[in-house]
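Structure below; questions to follow.
Read from first to last, the chains carry the letters A, B, C and D; within each, the first residue is number 1.
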Amino acid sequence: MDKRIATLAEAVSGIPDGASVMIGGFGGSGAPIELIHALIDRFLETGSPKALTVINNNAGNGHVGIAALIEQGMVARMVCSFPRSADPRVFTERYQSGEIELELVPQGTLAERIRAGGAGIPAFYTPTSYGTDLAKGKPVEEFDGRPYVQERWLKADFALIKAEKGDPYGNLTYRMAARNFSPLMATAAARTVAQVSHLVAAGDIDPEAVVTPGIFVDGVVEVADPQQEEELNRAGAHHP
Amino acid sequence: MDKRIATLAEAVSGIPDGASVMIGGFGGSGAPIELIHALIDRFLETGSPKALTVINNNAGNGHVGIAALIEQGMVARMVCSFPRSADPRVFTERYQSGEIELELVPQGTLAERIRAGGAGIPAFYTPTSYGTDLAKGKPVEEFDGRPYVQERWLKADFALIKAEKGDPYGNLTYRMAARNFSPLMATAAARTVAQVSHLVAAGDIDPEAVVTPGIFVDGVVEVADPQQEEELNRAGAHHP
Amino acid sequence: MTEKLSNAQIAWRAAQDIKDGAYVNLGIGFPEMVAGYMPEDREAVFHTENGVLGFGRNPAPGDEDWDLINAGKKAITLRPGAAFFHHADSFAMVRGGHLDVAILGAYQVAQTGDLANWSTGPKGVPAVGGAMDLVHGAKRVAVITDHVTKHGEPKLVEACTLPLTGVGCVTKVYTSFAVIDIVDGHFVLREKLPGLSFDDLQSQTGATLHTDGDVADLTVPEL
Amino acid sequence: MTEKLSNAQIAWRAAQDIKDGAYVNLGIGFPEMVAGYMPEDREAVFHTENGVLGFGRNPAPGDEDWDLINAGKKAITLRPGAAFFHHADSFAMVRGGHLDVAILGAYQVAQTGDLANWSTGPKGVPAVGGAMDLVHGAKRVAVITDHVTKHGEPKLVEACTLPLTGVGCVTKVYTSFAVIDIVDGHFVLREKLPGLSFDDLQSQTGATLHTDGDVADLTVPEL
């Protein structure tokens, strides 16, 4: 079993036009900057992939990562809970011009829908959003005298995530709050690729410490000193 | 914050007659033998608690742990997936005589129902058990052309679990396959008490290594050299 | 112009009602101030949606680790006994009723407990974050807010006119003028600034203020 | 009495169809034997419901650690790259379609793919375990079984008479006589013991056997 991928270019090579892509991270923590930028570089060279649906808690910040993906016109649709950031201009302009569609999902519902996608649960009920605009058109059912909204699972064609350690079996650990959505997204995508800061040998991750078991991961690519989105933005970085 | 409890007797003192109690463990791995035996000892002294509903994957083995709890007549109802074991006689007799009611739940559905109880999800849909006797009377709904069974959350008044390390905040780690249902049960019970093999100081469990965050745990009691159910049974042990 | 409490003073007042040992989520922005005013003899454990329990103060500038942030994307530090977890576990804590209290900001609060705090209407980019989960998850949902808007309009109303965050979820409101419980569809005044008459307070409130026994003086330290 | 494959030989045959890199769950008891017959040049990762991925052979007697067991409560060992996880995550792997194959035992398999393997009727204590989850979760569900019961009755039938484990879930059956695919509600014979005629096999099968091209000889090593 060897899920190692040699290059970032290879790691993102299979994503076609129109694909749905879950991208890990909450703001800058956990954002797989190098994988996203490799996808942009591929687009700049080949014109593909475009018309992507991107699933992330946010909708980009500044001019790197998801914001840069949007800026290149690669994204047709965002699914997120909080499309605001310190510098949300790239998304805001595309959204207001109608170029990007937005599905706004409460954060806990977004997390649970992704988990459900990975766990084979096609639908579940939550109290979240009951009686609000975000529940419009969704079935409501009462349990034990309280109303709940039915939500559907959320799956994707690909997940691009960032992890701390990875081994050839695809087992992953994360770094602090960079964990966030990534373990869920790994389970809910048909193909999951992780950029890992430390590629280690099989057996070097304690089985007790594995956060994402390798069964959920299809490829790992080492990015030894990953860029941090927040630091890039504080430095005013652009990609490309 | 100090969730430490000094004695096993104190740890099980609040459980009343008729309570529902989730008990961690899969077979002998993860079975909180000392907590269960403390509950039996309390019953032998005071006649309480009795008429318990016990939720566990199994229904006891031999004459220790859950089997001993059943043998004392303390259990009115079992919720489990696999009420068989190397020596299931205690449960089998009480079940066949009608003294104990059994709710049989597929193992994955049992796990998911407990997780749902802890996560505030009152109901969910699963393909498991569709078209079988165990789905009788349950709502069925079709999603994307496939039929699913609606299952309800499962909560309990108490959870008694076994963990490897615990700190005064209630953070827990587990030992190998002894993890099984315990992290789920900790979330789904109104009051969760863990026996821990190593009680450590706050800060001594790496925040990355915490499996059950302390918010789900109400009490920790140290049992430094816990008994292992399988070993007790191989030695032909009885409690008391 | 009526004397009113500063944001710091409102946060201080809300902090006094947090019990020792409580698990607490503070909304982004103004509510984050509450953590700074916990009584010294009490310990609360703070939860942030993005997967941290038991975080502490913000680090000094230059000491930030941007993989260690709160839901407002501010850098934080850890306290002993902290834990990391993923987003589904984080919202299991929220939705599953494990938080003792969530303290949120508000555009409007209705006497029914309805809260509007995520959208000011169809203009702009909508963003909801974790607010809709928190209002139906925490055991107690409190709001801290100015009593009136910048334009002097009541924020405590009979029925919210802005898009709802949740229905019947708020049970306590700490404002720049008063402390108000929501009981059975009514605002029940518990404390008010000593220099403010009941009638003056009522005139700045968009729904009837009820009383149930004495109304205490709302007194807070200079901050 | 017809020559038939031993359990070890049925397990060997099933193992030959497991691809390199597959994630596999083996049912309690007889199916556990499959792991011992994996081709040496292929590596499968074995999953057990109780929260272990990547386990290896059973330890020598005396070397057991009873906190490290499989779903059949037998002691196991770990291979490099193993992971522990809780039961909800374990069944997320199962129900979420992450396992490549589950190999289970059977009381009866119907030509529709229906499986009965958990209950022989109302007598005794019912016990289901993880079978109902596995049959609707794994990408491929195969059965290994004697072709007939101890009493000579067919186990491959038109419709199950015993309580169902799952509906339309099995796609391949490895028996003591044959290898059979289930395609569009039919048993399609792929391999049979060379010494057994089609008519003899049909006479011991409770539903019509179809063919689709050649039927290969079912040949296995002495074990």
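We take it that contacts are C-beta pairs under 8 Å (C-beta built on N, C-alpha and C of every residue); 3 or more make two chains touch, one makes a residue touch a chain.
All of these numbers come straight from a predicted model, not from anything done at the bench.
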Starting at chain B, figure out the least number of steps needed to reach chain C through touching chains.
1
Between the pairs A-D and B-D, the one where more C-beta pairs touch
B-D
Measuring centre to centre with CA averages, how many angstrom lie between chain C and chain D?
56
Please tell me the distance, in whole Å, between the geometric centres of chain A and chain B computed from their C-alpha atoms.
35
Geometric centre distance via CA averages, chain D-chain B, whole Å
30
So chain A residues touching two or more other chains come to 112, 115, 119-121, 126-127, 174, 176, 207-208
Junction residues of chain D, two or more chains touched
52, 84-85, 88, 91, 94-95, 136-137
Please give all chain pairs that are in touch with each other.
A-B, A-C, A-D, B-C, B-D
Residue numbers of chain B touching chain D in their complex, please.
26-30, 57, 81-86, 88, 91-92, 95-96, 102, 104-112, 114-115, 126-134, 174-184, 211, 228-231
Provide the residue numbers of chain D that touch chain B in the complex, in ascending order.
48-52, 65-69, 73, 84-88, 90-91, 94-95, 114, 119, 125-133, 136-137, 163-167
Enumerate the contact residues on chain B facing chain C in the complex.
1, 115, 117-121, 167-169, 171, 187, 201-203, 207-208, 210, 213-216
In the complex of these two chains, what residues of chain D are touching chain A?
21, 23, 43, 45, 47, 52-54, 78, 80-85, 88-89, 91-99, 136-137
Touch list for chain A against partner chain B, complex
112, 116, 119-127, 141, 143-144, 146, 148, 152, 173-174, 176, 207-209
